[in-house]
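Read from first to last, the chains carry the letters A, B, C, D and E; within each, the first residue is number 1.
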Amino acid sequence: MNWMAWTLPTALFFVAVASALLVMIVWELRSPTLTRRGFLPMATTRGDRFFIALLASAFAHIAWLAVSDGPVLIASGLSLMGGFVLMRWG
Amino acid sequence: MAEVVLEDLSFRYPGAAADTLAGLNLTVMRGEAHALLGSSGSGKTTLLNLLSGLLPAQHGRILFDGQDVSQVAPWQRGVTQVFQFPVLYEAMSVAANLAFVMRDIPDKQRSERVAEIAGKLGIDSVLDRRPAGLTLVQKQLAAIAKALVRPGVSLVLLDEPLTAAEPEHKWQLRQTLKSLQQELGATMIYVTHDQTEALTFADRVSVLHQGVILQTATPQALVEKPVHEHVGYFVGTPGMNLLEGIIREGGCWVDGIRLAAIHAADGPCKVGFRPEWARIEQRSNNVVDKATNTLPVVIRGTRTLTTSRGQSLGLAVARLGESEVVTRQTLTGLETGAGWLSIDPERILCFRDGWRLTDHA
Amino acid sequence: MKAIQAAKTGGGQWLLYLYGIYLALPVYWLVSLSLRSNQSIVGTTGDAGLTFANYQEIFTNPVWYTGFANSLSYVAINTVISVTVALPAAYAFSRYRFIGDKHLFFWLLTNRMAPPAVFLLPFFQLYSAVGLFDTPLAVALAHCLFTVPLSVWILEGFMSSVPRSLDEMARIDGHSLPYFFLRIFLPTIKSGIGVTVFFCFMFSWVELLLARTLTGSAAKPIVVVMTRTVSASGIDWGVLAAAGVLTIVPGLAVVWFVRKHLVKGFALGRVS
Amino acid sequence: MHDNRAWFGVLPVLLIVSFSAVIPLITVVNYSVQDIFDVDTRLFVGLDWYRETLRDPRFLDALLRQAGFSILILGIEIPLGILVARALPTEGRRVGLILVLMAIPLLIPWNVVGTIWQLFARPDIGLLGSFVNGLGVEFNFTANRLDAWITLLMMDVWHWTSLVALLTFSGLSSIPSAYYQAATMDGASRWQVFRHVELPRLKSVLMIAVLLRLMDSFMIYTEPFVLTGGGPGNSTTFLSQYLTTMAVGQFDLGPAAAFSVLYFLVVLLLCWLFYTSMTTNAEEQ
Amino acid sequence: MLELNALVLKAGSPPFSHRFEAGQINVVLGRNHSGKTRLARVIAGLDAPESGEVLLGGKVVTGDPPGKRSVALVYQDFVNYPNWTVFENLASPQKAQRVSAALIRERVLEIAGQMQLTEFLDRYPDALSGGQQQRLAIGRALAKSADVLVMDEPLVNLDYKLREALQVELRGLLREFGVSVVYTTSDPRDAFALGDTLLLLADHRLLQAGPPLSLYESPGSPAAADLMSDPCANRWMVGGDLRLIRPEHLSLDPAHVDDVAFPVQVLGRETNGSETFVHCQADVAEANTQWVAKLSGLVDLAPGSREIFYASATAIMKFDAHAD
């Protein structure tokens, strides 16, 4: 595994993504999602909104890195908030 | 609206071994509701495509009001068609669909016409919607409206237009269609395999079988005087009974019993009669002869179709030698076993080589 | 319908001819160059006669023909793997709903769309780490990245056009799922499988970047051999052209077998 | 039918794609946050490479060039493909043969495509190049930027229009003939038939065509690499080529990995947008 | 034999129980979307009911897979295995039961004979006509030798005349095999032609069950009366009560002094050869719809003319106004 060049931050990152996926699956098994329409322009399931939130935060980070030299944690905070809004009302 | 005449019209698909249509002659009068009745593969669809010009006429002519249109392009013939399933421009609203076929008409006239036809078909409330949001029946009504809305239409073709409709809607849809036809005086040709639809819709019906029109007549004549065995079988529920018989001494005979008088050359024939023209009665075994036109049969069973005033009415099924005979009658008291079959001698028809021997006594 | 056809095409015929010429000219030029000696191509001699020397060179030089063999072997391995794993997956997607099915399907699709260049670095490391570097299997597995999603996509389309009542009928008759799948269902969608094989072949055969990265000298595929035709006297255009012609032949052979189902295949099985 | 056991059917695919996609992708992410000298000598640098790449004018140029190229070829190939598909005969024995002939460019290895066009367009030995030069127009795709772009576009159109045409053709052939019959009787013009009958029903195949062409053009590497080598200058250097040069040519693993992740995210976004609008469309119908 | 116990077909529908008659043809009559297909699938084991049980021979089979139940199914759309010949199709259920090849052959030949498919044994299903394809599907279902044969509108996709012929044939055949049949249809004519017993279904619930004749004569609700009537029964109100008269119970001649007279204005007529349908506007108090009379034979009535229809007082069905 040495060639994969693991670092602690990336390991934590992937563990976080994997456990989020796991939580989503367990949640889904416990109470199956309903397709609904929120402020997004199409009907979405919980999983859809989760994916949109992930993708959106990725691009939020990119935008932050492109225009600002400030700490990335600000972008992460914004992403978390945006993600919550998406999951709740999207 | 036009008078439509087919003159010796034939068609064969390239590479096919036989003609799909062979020598059709037919006159559909102006404002007539005409039906083409035939099973699948009888050539109905081919004839429709020839009429609309989608297929080129190879042999024979098609005349609209005396004008030969055989070589005229489909869009110049003034023919419209309603298909088995609703065919509409899916990206346009219903109103736009109707307006599309009247492109060369002034706006005001056009919207009046759209409103008028839509009102008659009861689809005014969905004019602004796209077909995708409508029920199947609404879509088909819109397709019918599209076929009728165009002014100067010479002929409206209907290709089993009620296939998609639910049974309980069919009555209503057919009524609407029929009253609209009369009101507009439209020349319509309605194609179907369902005899109820054909007979109830049309002023006259043509029975198409293996590419040949066997008979063109009013529904009544088709029922009472079919010119061909197949017409007798195809029209009516159940179809006509056909028994092996023989003609001699100016009468037709089955199993040695003379059933009716007929003037025709001696020889074998088929004796045809409709279920409602005959009766089956119970027979006590010791009686041998009853009357000249009565045949001994074995009653196999009955099927009640309705009851009325304490009596059951329906079909009685009996065996006569190798053949099966069905009659439509009162069934009360009828049991399996020996019976008599009596046929109205006035209505008996004789067929030879498929065709009816016309000269009755 | 002749009349409809006439109404539909008309002037389009000219466009079709022009397009045909446009498609044919470069191929014609390739074939014609492959039949000339390099000297005559670059114009050092006036000799313009036809020669099969270029082809002869390819068929006798082991670098060339082992290249061909290598290419064909990884394409074959890839096709077998892709279709084998894609069949049960496509069946699951077309017949069942399960947790995350839509997301999984989308994720597979993104792999088909992902640029191979992105995977270049880790692939080299990965296959070296597992000891597969410079083997046809490495290229075959790497190509699975896009042939597997594509196969699932196409097969799912074909399978979904088979009515479910067929599956149900088999269940009522009492056949087990494997029996039904192998004996009834697969033969029913055999044209879909043919088309899938064609697409796997197509994408694996034409790819260069991964094939080049994952092979050294032993498993060097034909496409890579072609990029190294520079000899001491410059590029040998004639041999290059001849090799080009030869790379077209297997594709033609495969497409010929599925020509009847090509149209449905190109819609990824999604139209009837 | 809802049955989570269907997962077992998907498992083999999952394993194989995990091996060939997930592990590499994780590795790329790992690389992208480090400065790598060799496997054992690495330095964690956080998101610096991303910041650097996002502000690298060469990356932005390549991205712009890439976008321009993709839009151009979509603008040519989609309409041309539709026109060709509509002109194709729908029945008869010739159809199969024509389709097979049209599919040929799709079956040619991508570097051979580049080679073919190099042979075809070179001013010295190419049919096209020498012909155009013979007309008195100076044409040299290895020296002139505009000529390079024109050759590249012509090559891509040659290579991929058939795919669009075949997709469209398959969409066209699924339209019930009754729609054409009705339009013929209504006297609809050819344009109206296209606009009102064909286009609404082609939506989903065209969507697939646009998606495939957009994505494939976004990852284009081999053909320009063989034809122009990215030149003259950097005028035909697209994302993949830039990335490959960086990773394999210069062994800048960290920046190349960051670049890869960004590249992948852009592709993911485009792909998702298309996929979503495609499935939403399909559900509405 | 087959029993349904407190079965709920769709969430929110009331449960119902029913016992199908063994060795008979049980017709399930209902309009489209009334739950016929759903019921057929639940019996076959393809769908699970919302709740309740399906019993076969006294044993609960609700959870059993379709292959383990002694139930065969015929779909409305000619489902056959396209890559298997007619012979292989007919052999399929027995092959799954691991019957020996010789026995299979014997049975296949027997069924093919009865289904008039003997000359097509080597053909593939798509080389058969629609009627033959459906015959093959029925033959394959019979070959399973199941206790119960479920047929879901098996004739609805056939040509009209073919449907008629096959209907007659089917009755004889099913009798011959002595199999218990559940036959769903939306056509009341099938109910009379085929049914020994009848189950009326509306809105995923059981309306009424019994022999066709008794259901015809004493329907429990207006909906049941309409299901057994084509076209629907004519309605009018008397006081607060709803009255129904079937189209076929109206006639032009009074047969009895007690007959009820209905003056009408004729709107139009249709005929199918054997019967004439007269559409009219009835002058009955609180009649709110057009009426239809079904008269036997060909009857010529001019549109616009006024006529009087008579009906036996016993034929008039009375219901509470809110019975629907």
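One rule holds for everything that comes next: a contact is a pair of C-beta atoms (placed from the backbone, for glycine too) under 8 Å apart; a residue touches a chain by one contact, two chains touch by 3 or more.
Computed from a predicted structure; not experimentally measured.
A.B. asks: Chains touching subunit B and subunit C alike, please list them.
C.D. replies: Of all the chains present, those in contact with both subunit B and subunit C are D, E.
A.B. asks: Counting C-beta pairs in contact, which two chains come out on top?
C.D. replies: C-D
A.B. asks: Please identify which chain has its centre, taken as the mean of its CA atoms, farthest from the centre of subunit B.
C.D. replies: Farthest chain from subunit B, going by C-alpha centroids: A.
A.B. asks: With chain centres taken as the means of their Cα atoms, state the distance from subunit A to subunit D in Å.
C.D. replies: Using C-alpha averages as centres, the distance is 28 Å.
A.B. asks: If you average the CA atoms of subunit A and of subunit C, how many Å lie between those two points?
C.D. replies: 36
A.B. asks: Go ahead and note the Å separation of the Cα centroids belonging to subunit B and subunit E.
C.D. replies: 25
A.B. asks: With centres defined as the mean C-alpha position, give me the subunit D-subunit E separation in Å.
C.D. replies: 56
A.B. asks: What parts of subunit B, by residue number, touch at least two of the other chains?
C.D. replies: Only 49, 53-54, 74 qualify.
A.B. asks: Identify all positions of subunit D at which a residue touches two or more other chains, and write them in rising order.
C.D. replies: Touching at least two other chains: 23, 27, 31, 181, 184, 268, 272.
A.B. asks: Two or more other chains in contact with one residue: find those residues in subunit E.
C.D. replies: If we look for residues of subunit E contacting two or more partner chains, we find none.
A.B. asks: Taking the touch rule as given, give the residues of subunit C at its contact with subunit D in the complex, in rising order.
C.D. replies: 1, 3-5, 7-10, 12-13, 15-16, 19-20, 22-23, 25-27, 29-30, 33, 41-43, 81, 84-86, 88-89, 91-93, 95-99, 101-102, 104, 106, 108-123, 125-126, 141-142, 144-145, 148-149, 152, 202, 205-209, 213, 222-223, 226-227, 237, 240-241, 243-244, 247-248, 251-252, 254-256, 259-260, 262-264, 266-268, 270-272
A.B. asks: Across the complex, what residues on subunit B touch subunit E?
C.D. replies: That would be residues 39-40, 166-168, 171, 174-175, 178-179, 193-196, 199-201, 219-220, 222-224, 233-239, 274-276, 303-310, 312, 314, 328 of subunit B.
A.B. asks: Touching residues of subunit C toward subunit E in the complex: what are they?
C.D. replies: 163, 165-166, 168-175, 179, 184, 187-188, 190
A.B. asks: Considering the complex alone, what residue numbers of subunit D touch subunit C?
C.D. replies: It is residues 1-10, 12-14, 16-17, 19-21, 23-25, 27-28, 31, 80, 83-84, 86-91, 96-97, 99-112, 115-117, 119-120, 124-128, 158, 161-163, 166-167, 169-171, 173-174, 177, 180-181, 184, 190, 193, 204-205, 208, 211, 215, 218-219, 221-222, 226, 239-241, 243-244, 247-248, 253, 256-257, 260, 263-264, 267-268, 270-272, 275, 279 of subunit D that touch subunit C.
A.B. asks: Please give the residue numbers of subunit D that touch subunit A in the complex, ascending.
C.D. replies: 23, 26-27, 29-31, 33-34, 36, 39-40, 42, 44, 46-47, 50-51, 54-55, 262, 265, 268-269, 272, 276, 280
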